[in-house]
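Paired with chain B in one complex and with chain C in the other, chain A is shared by the two complexes that follow.
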Partner chain A sequence: MTLSKPSIIEQLQPLTLPIKQHLVHDFSGRVLDTARWNAHAVNSPASFGHTNGADAGYRITADGGANNEGMLNFNNIRQYSHTGSVAIWVERDVQNTSYTGYCGLANGTTGVDSDFPEIALLYNWSVNTNMGLRTGDASTKSTTESSVALDTNWHCHKIELTSSNVTHTIDGVLETTKTTNRPTAKLQPVAGVFGNGKSIDVRYCEAWNT
Partner chain B sequence: MTLLYDLINNPGFIKRRCLWHFSEWFPETAYTWHESDAAGGGVTLDAAPAGLTVGGVGITTVSQNDAGGMNKNGSLAFSNRSVFLTTAKKTILNSAINGGLRASNGDVQNPPSQCSEFHNNSGYTNIALVTGDVSAVSATESSTADDINWHNYRIDLNGTTNNTLTLDGALAITKTTNLPPATYRYQPALYAQQRSTDAMSGYFRYCEVFDK
Partner chain C sequence: MRSFYELTTPLSTVKKQHMVEWFTGDGTLSRRWTLTNVTGTGNAVTNSYGVSFWTGSGGTDLVTLNFNDVIQFSHTGSVVIWIGQVEPTAQGGWGLGGQKSAFWLDHIKTVTSTSGYLMLYSGDASTESGTNTNIPYTETHTPAWNTHKLEQKNGSSELTVNGMLEATKTTNQPTISMQPMAYCRLASKTNSVRYCEAWNT
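Right, the complex of A and B next:
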């Protein structure tokens, strides 16, 4: 008898369709997988490390001093489509004053301090009242705030890019559909924080081309 | 909630499994993959391929007959009752990509005898399944011509019964001769070979292997 057993990929899609790029990372480990992630001190010093606690995830910190920023990225290896992809991040802000926390997809590694272009990001900027979706094309960036106030709780953010819009879903509720200033180039997953002694935690990232 | 464990193991119990998406910024050669035949130009990640032909691992060759690839450096974790699955493409027609399970590292030009691998190889007219036992290696071709498109390749090693190649979800080849024997263990391997003076690359963006 020939035994046929399904693969994991066949639980997600039939093999009659092309298998596209897919990332699943749960930040559960002793040290960061540095082949997968580039821990980048955009403006030094910044620090990175797993937190020793249940469901605590991985902490990114912009250490003490003005205008510091730390970011996880793919060192600009951009495997995700700006017109057909999804990124899910589970993230929390350790504080909700005097900082910018972000996660999503981006082109470039210069960070939010220099306002890098070609982005589709959760954008938690303490100047704003609510969590936002910030997108950018090659020249212009803009932010649309959601109805969810900045806080220090865990939230699940889903950002989907299609050929016509970018949507932001928070904890399963569609908050924003944005059609302006959408990225025009391929993207990499990123998460980071800007500030003076400010941190964010991340514990899950999934991205795939649709 | 349905558990992935139940979906892929029921009935049965957990056996050895490897799954790799090649979604990263640097080839994972420290712990997971071993770069083989670096004379072929080595293993790199493709930063900016066109459209959705997004390279996972790009294996780029530099001169005729050069070859490059990745394997598990002799960590032979799988049996001759297992499944190998990858999605791959080559960039020019007159070249070769191949992948599957093999009993030692070998290389493209001198593959090990005990193996079961797909070939999208200009040395054959059509996409082929190449298998070998202790005495001989042979190929069975499908009805699908070699090309430069992305394909999903699933190879089922069914012990002494047969080996099958399922191409893009459709059974393409059932092979009963020169099957890899149970007395050997096997590792996954992904290879590309230049077969003309034109440079080529092989792209792989998914690989899954598991024992049945």
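Right, the complex of A and C next:
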């Protein structure tokens, strides 16, 4: 790749535009950057850690026991707009039965066990056939399934919030445009899993305000 | 606005493991790194160079900067770029390694050896070997910052220095996944780094 600009930000946008909040995290290394991420056992026990192996990323596990849930979040430091932001997650489900795996943007840290509101999430619920986009306003949540079946492969999920809708793009293909039950408050990046001895892996997260 | 993701990868392709470290901070190593004293007692600090790490006073002391054996980069398809320098008379270098305490096994790295030239080394599970570049290793010493790109392919290793391909090697190829690693050896020697990027291809 030939660089046309000396700065990274100028690869992304002209300097004449305001530079808004922008996060890139690669989930590589010895341990998680806990100055940024909160590895949160929503319902204990849950475990967290980088995984050995090429492209293995970082594993979140809801350990053995009923209704366990583990979640990465920003401890509810919410810097991303509910009317103009994007999140990209590279994620895979370690299994595709008896679990809920999710990643995206959310307000709150109480997780999917309590069905937390104010969300725009990839929502892989094993009761469904396909990967879904779940959004929620202050009181009501709803899910729209994509055409992509639940599986255990890595996928690139892009979730974009505008003032009029929320879109979900999987591996570069726009799958869902949702206009109902959109968040009404600022959001933070989150990823997590609910289940009994169930896991998801993540290896990339990017979020920015548009 | 474009995404950082799309600078290197289209959204239709699932991005592989890819890390970038600028070695800038408040005096301590970022949490993704660890310093391993293989022999002796060295240390590391964030400073005006980026990060400098050094050996203790023993004549055979050896330290490595690594991911504490979290090995996420493929032995059949990965690249690492290090910008670094070592002080005169030090032995030190940069690359990818499978074991933090044994940078002579399952690895690719640069070596400043007694041959007088910068070398590309690689190692399988039991044996390492090297090949010379045409670069006198004194040119890798302080204050010369150099950009070292090491690519591990399926069956060959390549070293590019400051944009020029300098060495290719096909023997003693690594057999397991690897982590970014840098090293320094001999008594009271320093290796400084200011950028590391690694990704699977």
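Here, the second predicted complex is superposed on the first by the 205 of 210 C-alpha atoms of A that agree within 3 Å, B and C clash if a C-alpha of one lies under 4 Å from a C-alpha of the other, contacts with A are read in each partner's own complex, and residues count from 1 in each chain.
Just so we're on the same page, contacts are C-beta pairs under 8 Å (C-beta built on N, C-alpha and C of every residue); 3 or more make two chains touch, one makes a residue touch a chain.
These numbers were taken from a predicted model, which means no experiment stands behind them.
After overlaying the two complexes on the shared chain, residue contacts for A:Tyr102 are found with neither chain B nor chain C.
Of the two partner chains, neither chain B nor chain C is touched by A:Trp125. Touch criterion met: A:Gln11 reaches chain B and chain C at once.
Residue contacts after overlaying the shared chain place A:Asp171 against chain C, while chain B stays out of touching range. Within the superposed three-chain model, A:Asp55 lies in touch with chain C and out of touch with chain B [touch as defined at top]. Once chain A of one complex is fitted onto chain A of the other, the partner contacts of A:Ser28 are limited to chain C, with no touch recorded for chain B. Within the superposed three-chain model, A:Ser81 lies in touch with chain B and out of touch with chain C [touch as defined at top].
Of the two partner chains, chain C is the only one that A:Glu206 touches; chain B does not reach it. Counting contacts by the rule stated earlier, residues 1, 8, 11, 17, 22, 24, 33-35 of chain A appear in both its interface with chain B and its interface with chain C. Interface residues of chain A facing chain B in the complex, by the touch rule stated above, are 1-9, 11, 14-24, 33-38, 73-81, 84, 186, 188, 207, 209. Chain contact summary for the complex, chain B toward chain A: residues 4, 7-8, 12, 17, 19, 21-30, 45, 47-48, 51-52, 54-56, 81, 83, 85, 87, 150, 152, 154, 156, 158, 161-162, 164, 166, 168-170, 205-206, 208, 210, 212.
Chain C meets chain A in the complex at residues 1-5, 7-8, 10-20, 30-34, 66-75, 77-78, 177, 198, 200. For chain A in complex with chain C, the residues that touch the partner chain are 1, 8, 11-13, 17, 22, 24, 26-35, 50-57, 86, 88, 90, 154-156, 158, 169, 171-173, 203-204, 206, 208, 210.
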